[in-house]
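The two complexes that follow have subunit A in common; it is paired with subunit B in the first and with subunit C in the second.
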Partner chain A sequence: MSTPIKNGLRSGAISSIIVIFITIINFLQVISGMLGKLLGSDTTGMIPIINLIIILFIIGFFSGLSSAKEREPDTWRAALLSGLYTGLFAGVILFVFSLVIGAVAAKGIDLRSYLSFFAPQTIQQYMFNLEVIDLELAALVPGVVLTGAVYHLALQVAATVIGSIFVRGFVRGEWRKNLMISLSQSTMVTTGGSGLKQFLNNRYTKYGFFIILFVLLIVLPRVWGSYWNYIMGTVGIYVLLGLGLNIIVGLSGQLVLGYVAFFAIGAYSFALLTAPVPHNLLWNFWPAVGAAIFLAAVAGLLLGLPILNLRGDYLAIVTLGFGEIIRNLIRSDLLTPLTLGPRGVREIAQPTLFGNPFSSDIDFMYLIIVAVLILIYITYRIQNSRTGRAWLSIKDDETVARASGVNVYKYKLLALSLGAAFAGLGGAIFASRNLFTGPEDHILMVSINVLCLIIVGGMGSIPGVILGAFALKGIPEMLRDFEIYRMLAFGALLVVMMIVRPEGLWPTGRPKLEKYKGEDEPELQTLDNPSESEGA
Partner chain B sequence: MNQNNKTSKKVRVSPVITRSIRIVVGIIVLAWMVWRFYNVIFVTAEYGADTWVRFAFSGLIIGGMYALIAVGYTLVYGILFMINFAHGEVMVIGAFGGYFVFELLNAITVTAADGTEMAFINAQPVLALFLAFLAGMSISAVSGFFLEKIAYRPLRTAPRLVPLISAIGASIFLQNALQLLFGPQRRDYINPEILTRGTGWTIQIAGKPVLLTYTGVFSLALSIILMVALALVVQKTKMGKAMRSVAQDKPTSALMGIGVDNIISQTFVLSGVLAGAAGVMWGIHNGLINYYTGFLPGIKAFTAAVLGGIGNIPGAMVGGMVLGIVESIGPAALAIDFQLKDVIAFSILVLVLIFRPQGILGEALSEEKL
Partner chain C sequence: MSTILETRNLSKFFGGLIAVNSVDLSVPEQAIASIIGPNGAGKTTLFNCTSGFYTPEKGEVLFQDTPIQGQSTDTIATLGIARTYQNIRLFSNMTAIENIIVGQHPRLRTSWFDAVIISKRFRNEESSVIEEGRRLLKYVGLEGLGDHLARNLPYGAQRRLEIARALANQPKLLLLDEPTAGMNPNETEEMTKFIKRLRDDLGITILLIEHDMHVVMDISDQITVLDYGTKIAEGAPKEIQSNPKVIEAYLGPGAAVLSEKYRRKK
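Up next is the complex of A and B:
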């Protein structure tokens, strides 16, 4: 088989599967809603046809792009051919799919008992809002379905051919060269780039930036209302957790998947010390927070003692098991007298400040901000200390670290228990803010979310943690429609992130400096260009 | 060695602490278990022999499924040194494949020889079972193939944390994709009438009846057959030979003319086939599946693989059986709640990794990884 056909088959199959998948899970509606917000159109009813066309066009465009991207005969003809084949193949698959679901819709069968999001309305939307359901003249249905199918075919072919033209002409061809030349000329003219850099690196600019940030942090919680305080509070708690896990995974390189166990220990010890039921201890907020941090740190230490010598992936699975053990124990009958089992603990204490209640949403926001700032300061100081360098060396190569006289075991333990202490603080604040904590607050997904956010942000990087928390916790909280698709997107994001940009959105400065200085780094090169190794 | 004394002492402190902690903890755990077990058997004598047999039987059935999944983990780990986190999801995909075949065959009615109308699934139960397993196994194999191709292959040379995270991502993605496709509700597996759940042969143990369910016997027999088949494939065929060779040394195998990438793909296909079979069995025997069904068996099967010694195929089989039996007898033997079954499984994982990380039969991994 010649390469254009092969590429076309591959890209076409991928793009058509993506289209069919997002149609079946009714994701089209959500994307269209977001697109509608962008374009400012009304999105409550059916998808406007233009949105559907834009979405399908973008998918087709990218599949055409990928099909024509990497190939030996670097000619216009080959690029166009592979784009055409991609479009034809994807179009034919979508054509057949349209016929099938059109027939299903026309017969009035509701597929939702098997495919739970695949409503007849979705089918109609997929068929460019053509009347395939409520048609009085049943004889016309095949024609309408056929029309929709032909639209799909035509759209795919058009999009992929445009994509392949784009990639041949712009990404590889002369257009890009021309553009690069014009770009370089324009930067030659405006050499303000380095001036800007100098400005940014200036010490006083930094101070000014920090002052602005500080003022914003003080002013914003008072201004933006309780809704935003709630969302940003959640983000802040995840920043706390992220900073803790960042020490364990990002700085010392130990993959811990049961991080939620420490969160749970912090939340539960805080809750049990302050709540009237079941123990009626009624501690004050501050000593209870201290106790929660302490207990979580001790738990980290005790867990770490036996298992930190395990190799990386075993450590991951043991800690995952530990998290599940803790959650199962909390909700079991065995510990119900101690923890109230699945019902959870209620009426947890709220913070006080010098005897006054300090528990409005604004106060909580301040509390979280202060906690985040303190933890950032601690992390920053440790990261740049002897301990931080020891962690870095352990992360890079444990054997070498040991050979250079680093007490690997001690530093791993320190990282784990410090990270656990951060989680304990996060858990205590979380429990106090919600006035409640139960076993379902501490499911495995919390660990995965936190892990996602530090990976997306960039492992070992403090700004990365904050960025990741905003990206993964803040944005989905704002996009409520997106809620059920969030974890799906997380999973895909993790895989794509690992393939395309394993160092994260905001990577740390130091490891990068050291790694890219070397003349040949085969590992990094293959990481940077996954497409090459895939094509090989 | 005088000048090295100081540093070597410093380095050596930690293993001494760990080892002593391990020994102390081990003795305490063991003593506690023996004491509880002794209590249950001799002091309270809560259960008769029939109950123990019942527990052991259900443990064997579930253990057979764990073993099938565990073999998939062990095959992949032996070759790529990574935990294929999405393996549990591959199993559920197989379970859904079987489910839809049964649904379809249940909807088709045929006229039997004596003129009565009956569903195809009951008219031709053997064929229906065959089709269900075929569908489940092949769809799992396909998903395993693409899983490797999309999520793991581009990361072949990356540091080890990177593919692991990618695997976690793939697992989350598949789980949520299944939830969005088929909904969060549990679905009832339709069995052919000859395999109705809750029916079976009754045998007498210590004067009391013990029910050996048809589904259980069927699952156990099928998992044993599949494991024998797998052993034959790995030991006798050219593909198995190539797999073993790749597991031992990738560069040398490549020099011997083995297509390493192909063999890795085939490994994923093979483990997908076994996981798919386990998934259909899971549905037939337990009756309910949803998108989340694969998570716990996945983790536990990994436990089983570690228990038996990772990279070691007979080890995975033994580990699966042992884990199944321990999990089902454990709560009774230690006189604790049955809802702590999962805690026992995870505790076994933690304990095995602490005290004998190389597993029961020893791990079989090449030098390059250690």
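Up next is the complex of A and C:
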């Protein structure tokens, strides 16, 4: 079988399966509706077919793209053939699918009993709003079904061929290569170079960027309203947690799955010290935050002692247990007099500033921003110091790190207690912001989410943590329009991201230490070697 | 010359297997000593007992007349024993110069808190650490490769980087586990010269495991031969070459007689 046919079969099968799948869960209509909203058209009633055509075209375009790229015979003919076969194959499958659902609908079988979203209206939508079913005769109009099917075939072929032309003409052309080089360079800490890279590395560009960021951080909480303050506050708290777990997992390489325990200890110690019930201690906000951080750090240290010799999977399981133990202890009958058990703690203290209340949603946003900035600073300073390098060496090869004179136990404990302290701060702010904390705030999912955001962002990378928190906590909020498809869209995004950027959104580069500052750097050979950035 | 490393009656067992059996070894200061022996003779186990990876079941390891057996690896490293590995073990996701900087770890004093408040001590130490890294890179001939990730370096460069990392701690004793494994004759020759230079320039004592007999005979002051965990011979290269026990260990029983005949014929 020749290569274009093979590619065509593969890409065509994938794209037709995607189309069929999103059709039967009625997702096609939902995204067509979203698109309508974006384009500003009326979304009530039937969705204009132009939206549907655009969506189908995009899917076809990308399958054409994927079929025609990285081909061995690097010719126009092979690329076009790949695109053509993809379109034909996908088109034929959709053609058959059209006929089948048309026939089923004509028989009067209501598919909703099997596929609850697959309404007759969906079928009609899928058939480009053609009157497939004659309502008076209550029967299929074969000619119309055929027309719809042919439309699908034609649309697929057109889209994939255009996709393949695009990939052959532009994507594999020179300018894309140049763009990729400048993009990949901009993410590294380098000096000198050309064009975009030089611009991005210019000191004044950096200052300008920081000033803009700073102004945004001050202005945005005031202008975007309490809804966004709430969402971004949640993202911010996850950034705090992410920075802490990043020290434990990303820098020192200990896969701790019970991170939520430190979050819970921070939140609960803060809550119990400040709430009127059950202990009536009524501490002020700031000393209580300090105590929460301290207690979490001590918890990190205490957890660290028994697990010092565990690595990898074993460590993950043990710490997983620790997270659950803390949550169950909090809600247990035994500790109910101390923690109020499953009811949770209410009326937790709000922050004050010089005696004035500092607890509006805007104030909280500022508080979180300041906390995030402080923790970023601390992490940034540590990760490029003796301590940070010791952590990285332990992560890479613990045995050799030890043989190089690194006191592995000490540095592991330090990582755990620092990471736990960060979580303690996050927990205190979280409890104070919600005025409440209960055992259900500290479930396993929190640990998993924080771990996910580190992986999505890029292990050991500070910007990665921020991007990851936005991706994992911000995007689901922004996807509210998708309603029931929210998690589907989110999952798909994650899968796509892990395929496109397996090393994370913003992976770390290592600092350049050998070259003196300001020295010119004539080494581009690292970029000709693409394996550099991927794992070996 | 005084003895820098001495093992007395050193034994290490793995279950029923006797990996090292009552080995007495003494390495004079500033010598290049080699340990040879067939595969599985217990050479690397002896190394691991010396550098603290294993705790020996019996016997003593004396480093500068202080017993060190059973102490943790990082303590032993801090005392001044550095080592390399048979299969290269670098910190592969760190740059070459960072590997060397980690090697300097036991000599440094700053804590994480110094880094956060950017104390004077931190700034001084950081710049001197980087300077030392650059110097060592140059010394092992890796100048200009310092900012590459260790895993992306060519094989020979990785071997040299491993030695540079070991040197960063300014060790008194350097244990090299098959430093020329997998190298072509040119690289081997270079490495041999390099090891000699290490001893002559820096006055470090070197104990190495090696299979390449040309290298061993060329650079060693003293050779120890192990077979089945037992020391069967020790002495200068000349003596070892003609020792019938050694020949038998390598070539099988009876080989010594044959080689004697062969020599007479010649």
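The rule is simple: the second predicted complex is superposed on the first by the 295 of 536 C-alpha atoms of A that agree within 3 Å, B and C clash if a C-alpha of one lies under 4 Å from a C-alpha of the other, contacts with A are read in each partner's own complex, and residues count from 1 in each chain.
Simple rule for what comes next: contacts are C-beta pairs under 8 Å (C-beta built on N, C-alpha and C of every residue); 3 or more make two chains touch, one makes a residue touch a chain.
In this text the structure is predicted, and so the values were computed from the model without any measurement.
If you stack the two complexes on chain A, which partner ends up touching A:378: first (subunit B), second (subunit C), both, or neither?
second
In the overlay, answer first, second, both or neither for which of subunit B and subunit C A:407 touches.
In the superposition, A:407 contacts both subunit B and subunit C.
First (subunit B), second (subunit C), both or neither: which does A:202 touch?
Neither partner.
For A:322, decide between first (touching subunit B), second (touching subunit C), both and neither.
The first partner, subunit B, only.
I'd like to know which partner A:115 touches here: subunit B for first, subunit C for second, both or neither.
first
Under the stated touch criterion, which partner chain does A:75 make contact with: subunit B (first), subunit C (second), both, or neither?
neither
Going by the contact rule set out at the top, does A:484 touch subunit B (first), subunit C (second), both, or neither?
first
Any idea whether subunit B or subunit C touches more of subunit A?
B
Between subunit B (first) and subunit C (second), which does A:392 come into contact with in this model arrangement: first, second, both, or neither?
The answer is second: A:392 touches subunit C but not subunit B.
What part of subunit A is shared between its subunit B contacts and its subunit C contacts?
402, 405, 407-408, 523, 526
State the interface residues of subunit C toward subunit A in the complex, per the touch definition above.
These residues of subunit C touch subunit A: 51-53, 72-74, 77-78, 82-83, 85, 89-98, 101-103, 105-106, 108, 110-112, 114-116, 118, 122, 125-126, 129-130, 133-134, 137, 144, 146-149, 151-152, 165, 169.
Contact residues on subunit B for subunit A in the complex?
Against subunit A, the touching part of subunit B is residues 7, 10-11, 13-15, 17-18, 21-22, 25, 81-83, 100, 103, 150-151, 153-166, 168-177, 180-185, 299, 302-303, 306, 336-337, 339-340, 342-343, 346-347, 349-350, 353-354, 357.
Please output the residues of subunit A touching subunit B within their complex, sorted ascending.
Interface residues on the subunit A side: 21, 24-25, 27, 114-117, 253, 255, 257, 305-307, 309-310, 312-314, 316-318, 320-322, 324-325, 328-329, 332-334, 402, 405, 407-410, 448, 451, 455, 484-485, 487-488, 490-495, 497-499, 502, 522-523, 526-527, 530, 533-534.
Contact residues on subunit A for subunit C in the complex?
Residue positions touching the partner: 377-378, 381-382, 384-390, 392-393, 395-397, 399-408, 414, 418, 510-515, 523, 526, 529, 531-532, 536.
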